[in-house]
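Heads up: the structure comes next, in structure tokens.
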Amino acid sequence: MSLCLQARQLACERDDRWLFEGLDLDIQSGEIVRIEGPNGSGKTTLLKILSGQLTDYRGELYWNGEPMRQAREHFLANLLYLGHAPGVKAGLSPLENLAWYQALSGEKGSEPAREAALAAVGLAGFEDVPAGQLSAGQQRRVALARLTLTQRALWVLDEPFTAIDRQGVAALEAQLVAHAQSGGCVLVTTHHALTESPVLRRIQLG
Amino acid sequence: MHAPQGGLMVAIKATLKRDLTLMLRRRGEVLNPLVFFALVITLFPIGISPDPELLASIAPGLLWVAALLAALLSLDSLFRSDYDDGSLEQLLLAPQPLAALGLAKVAVHWLLTGLPLALMAPLLGIMLSLPAGSYAVLALSLALGTASLSLIGAIGAALTVGLARGGVLLSLLVLPLYIPVLIFGAGAVQAAIFGEGIAAHLAILGALLALALMLAPWAIAASLRISING
Amino acid sequence: MWAFINKLRSPKWFYAISAKLQPLFWVAATLLLLVGTVWGLAFAPADYQQGNSFRIIYVHVPAAFLAQSIFVSMAVSGLVFMVWKIKVADMVATVMAPLGAAMTFVALFSGAVWGVPTWGTWWMWDARLTSMLILLFLYLGVIALRGAFSSRDSGSRAASVLAMVGVINIPIIKYSVDWWYTLHQPATFTITGRAAMTMDMWAPLLIMVLGFYSFFIALTLMRTRSEILRREANKRWVRELAEETN
Amino acid sequence: MAFSSLNEFFAMGGHAVYVWAAWGVTALLMLVIVWHARQERRQLLNVVKRRARRENAQRNAQPSHAQPLQEPVNSAQKDVHHDA
Amino acid sequence: MHAPQGGLMVAIKATLKRDLTLMLRRRGEVLNPLVFFALVITLFPIGISPDPELLASIAPGLLWVAALLAALLSLDSLFRSDYDDGSLEQLLLAPQPLAALGLAKVAVHWLLTGLPLALMAPLLGIMLSLPAGSYAVLALSLALGTASLSLIGAIGAALTVGLARGGVLLSLLVLPLYIPVLIFGAGAVQAAIFGEGIAAHLAILGALLALALMLAPWAIAASLRISING
Amino acid sequence: MSLCLQARQLACERDDRWLFEGLDLDIQSGEIVRIEGPNGSGKTTLLKILSGQLTDYRGELYWNGEPMRQAREHFLANLLYLGHAPGVKAGLSPLENLAWYQALSGEKGSEPAREAALAAVGLAGFEDVPAGQLSAGQQRRVALARLTLTQRALWVLDEPFTAIDRQGVAALEAQLVAHAQSGGCVLVTTHHALTESPVLRRIQLG
């Protein structure tokens, strides 16, 4: 599999201030691209634009060479986005949360697969606790279990390490590298120091 | 690399199941609109007058207005909790037509709000000495009408979901749009009381519902996209 | 046609062209309103039934017409904005809404005042009155929704959706309210069912209606220009313009 | 002329209150609308001018490149925006 | 090391100012309950009948119930946004009596909801052909009554603030407590219409308010603590 | 100034599981105490108990030797708590937010002081922007400005480094050390690696 997300002359203005202007981006299979910049430099805004949630920008987006407008459906089928809010329903158990996410992409999935994914993020034993009663970090881990569970090529992750403990951070980092090496690609923002790796590329904002 | 998959039915079914589970898990939620309905209906005899004749003459209107308000108030939470915890973002990024998923959510809302309200209304009708012979029509008109109300109201809920205090703004947006449904719904009950034909009223309620079913899902999808945008 | 739409895309072009059109409409509005006012208040004959209270018609009817037209224009602008992403269309819709609400209020107020001498009451739940009241609520909804968003773009698109949904509903509301009224009791007062007006009464009405429409167009042009300044304040052409007017 | 004297004109055949109230409110509202539109335009032009002047000053002071603006322009705009 | 400071007045003033600023900054917010009030009043003639005589006979009750609902619905947001963004936690940890700060928030709520509702009610009374001579009493009884409603309702709002969908549950908790206020409020207007003395009714409304003023702040404070514990 | 917060035989149970049991704690002037533990080990719960927000626990709390019940008012006058939610009102500007917090502790404060505090956390220029329009990190910085602005001895901070960029983290860390060295004390949870310092003490949960 090979894919590529391109941005040409991207520009976004907030409050009469250009967050970025004339930004050209090429994100390819096998890469981890880290967006860097101080607070308020526009990292979240950029990720939202790239994943098609914000429309208030200038410039063009291309998915595998096609303009995003036409390729949108195909793009969404390959995208996994995790934002500041984890998207975990407090009233549902981790298992039920994952079941819904799988179904959203049109697959039924299987219970053992979901249990395995939860175990992989260290939530074995919490499968049936309502997610609202989990700690901040555990809730984010439920969301992170989707990385293991759903097969998507492009991961867009906004501060995925928030509230995750040290071992968790290390495991997640390894997972990102493995995903890139197996041909996926990752777009990530974080204020954590990431270990150097040949697949890691940085883009500086602000 | 994945091509877009079918599986729309899987996604719709899962959304129906999820929303049903969430609502039923807090049994209170399902009862709340019903209790509100009953309470408002009790307020009127207290505020107006306990005279049965007077009450009977205004009962169809009171019942319909109170049911409409109960349905309206439960709408605010339709998309809000999904918005707050980030699930709505994910719903929008799902490789499925948003209009269909939105419609599934609305269907659950009607099933757990509109339908129970319609079933409960005859009971409250007794309390207001609603004339006999109009109970079935009351329930039927409410069942049909609340479906339109849920659909139209969901547009308003989708438009206001990103706003801090959507509640009252939502009422302002959707109440004017509710008026045709109210007129024909309450009209049907009154026609039944006066022994006139009710077919015309119910037919129009059906037509309104068909129109709402055709147009509302698109408006809901567009509104959700706007709200996510900020 | 396409060339025209593409020109509309440019606020700068609109700013320039509206500068030329605007005075025309202001002059027309002033003249028409003056002539209509003098003729309607002083020269038109009194109504044989209603006497001089009938002169309220010269503000009531133009305002009622305008109130409805503005909502339709607003929905059309909203559609143009959503489909072709023409920002000027949204600016036009933005500035029209408060004027529409004001005209709805004028129609309601003048009608209510007129009701006292003719019907003996300020208000009754007549079909037309009720649907006018609902129109006022629709306007307030659009204005409130636009203001509730912190991002201007989202507010604009939300208001456009609501205006379009509302405009589909206006005929439905009108139809249902008519139906509802005639359901319960025969029409005690029909507004239209009166003897045809004489020319002397009718001409000033036409002039006033035209005057109100000119006023609407002139004001919309003027406020759209302000709105352009507000939204494009950091564009180079606006800055240059500011330096020129210095 | 439908009236024979000015007094009669003001009296409107006994309907003075109604006619003048309806016309008065309409006229007043339209005048306020026009006044507000002019006020708004003047204020916006001022904002634009002030901003241009300030930027010129800045450009002259440090010719390298103009600072992004974080000015009260925003709040001023918001205020004007919701009037009417 | 700091000893507890006085400065309670500073804190109360700042809280009043903060809440006023927040509400007034979105001018819509202040208008919303008013518009809701007007809209609900419009629904009744449409649902019931446009007959002025019938409307006049039920107008006091309708106006009071509608105003009560408008005040009720605006309550949900009283503490909710503070809860969501963590300010409520901070309010509870402030070295000031919580009851006093809570009272300040309720005062702002009444000032921007109850009072405007009372002032607007006579206008809607005209539309319902409310008999002349009762307009002043309507406004006065609403002004007094809504103050009690805000105080009592704030207890419910404080109890439900931690729950995901407080809206309808809040109504359920609070409406039964509103009934005495409704009885004497609507009673005052009816007494005025029939030319009876209104002093007794208004005196009781005043007594209810005094009672609420004494007890509600403590209940609000206790409820907030429970909700935060949650 | 010298103060001390003590816990004796603290225990808390959640879902039939003891988060901690028989916990004895002594926090003194001049210390930074860091609560450590993996996700879900009960750090947030402990902080909430210590700051008096949760009452569902066993054991005793003492403030300067007095039982907490009696000393509560005095304790609150010395406490500054920052939780997972920053407590920043989206509709108010950063300046207005700070003004309210100052007034809550009974002081009027002065506008220049507040502006200085905002400048110190890197928000110069954003004083009058509604806080809702700030980025995730900027909103947390508004809350952190309270550390500079209000004079409180005991700081209880739950993941204060969330969403803060690298320079910000370093500055905040220095501030914590300075506070401890000038006689205050700090109770903090974080998954960030903190630089060693003589004033830093660790407590392990879970």
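First chain written, first letter: the chains are A, B, C, D, E and F, and each begins at residue 1.
Quick note on the criterion: a residue touches a chain if its C-beta (ideal position, glycine included) is under 8 Å from a C-beta of that chain, and two chains touch if they have at least 3 such contacts.
If you're wondering where the values come from, they're calculated on a predicted model, not measured in any experiment.
Note: the chain lying farthest from chain F is C, by mean C-alpha position. Looking at A-B alongside B-C, one finds more C-beta pairs in contact between the chains of A-B. Spacing of chain A relative to chain F, judged by their CA centroids, is 30 angstrom.
A separation of 48 Å divides the Cα centre of chain A from that of chain C. A separation of 18 Å divides the Cα centre of chain C from that of chain D.
Contact of a single residue of chain B with at least two other chains is seen at positions 26, 81, 84, 164, 169, 172, 175-176, 179, 183, 229-230. In chain D, the residues that reach two or more other chains under the touch definition are 69-70, 73-74, 82. For chain F, the set of residues that touch two or more other chains comprises 84, 90-91, 126, 129, 133. Against chain F, the residues of chain E that register as touching in their complex are 1-8, 10-11, 13-15, 18, 21-22, 25-26, 81-82, 84-87, 89-96, 101, 228-229. Every residue of chain A that touches chain F in the complex is listed here, in rising order: 14-15, 37-42, 44, 84, 122, 126, 129, 133-138, 141, 159, 162-169, 191-193.
Every residue of chain F that touches chain C in the complex is listed here, in rising order: 130, 132-133. Interface residues of chain E facing chain C in the complex, by the touch rule stated above, are 26-28, 31-32, 35, 38-39, 42, 45-46, 49-52, 55, 126-127, 129. Considering their complex, residues 151, 153-154, 233-234 of chain C touch chain A.
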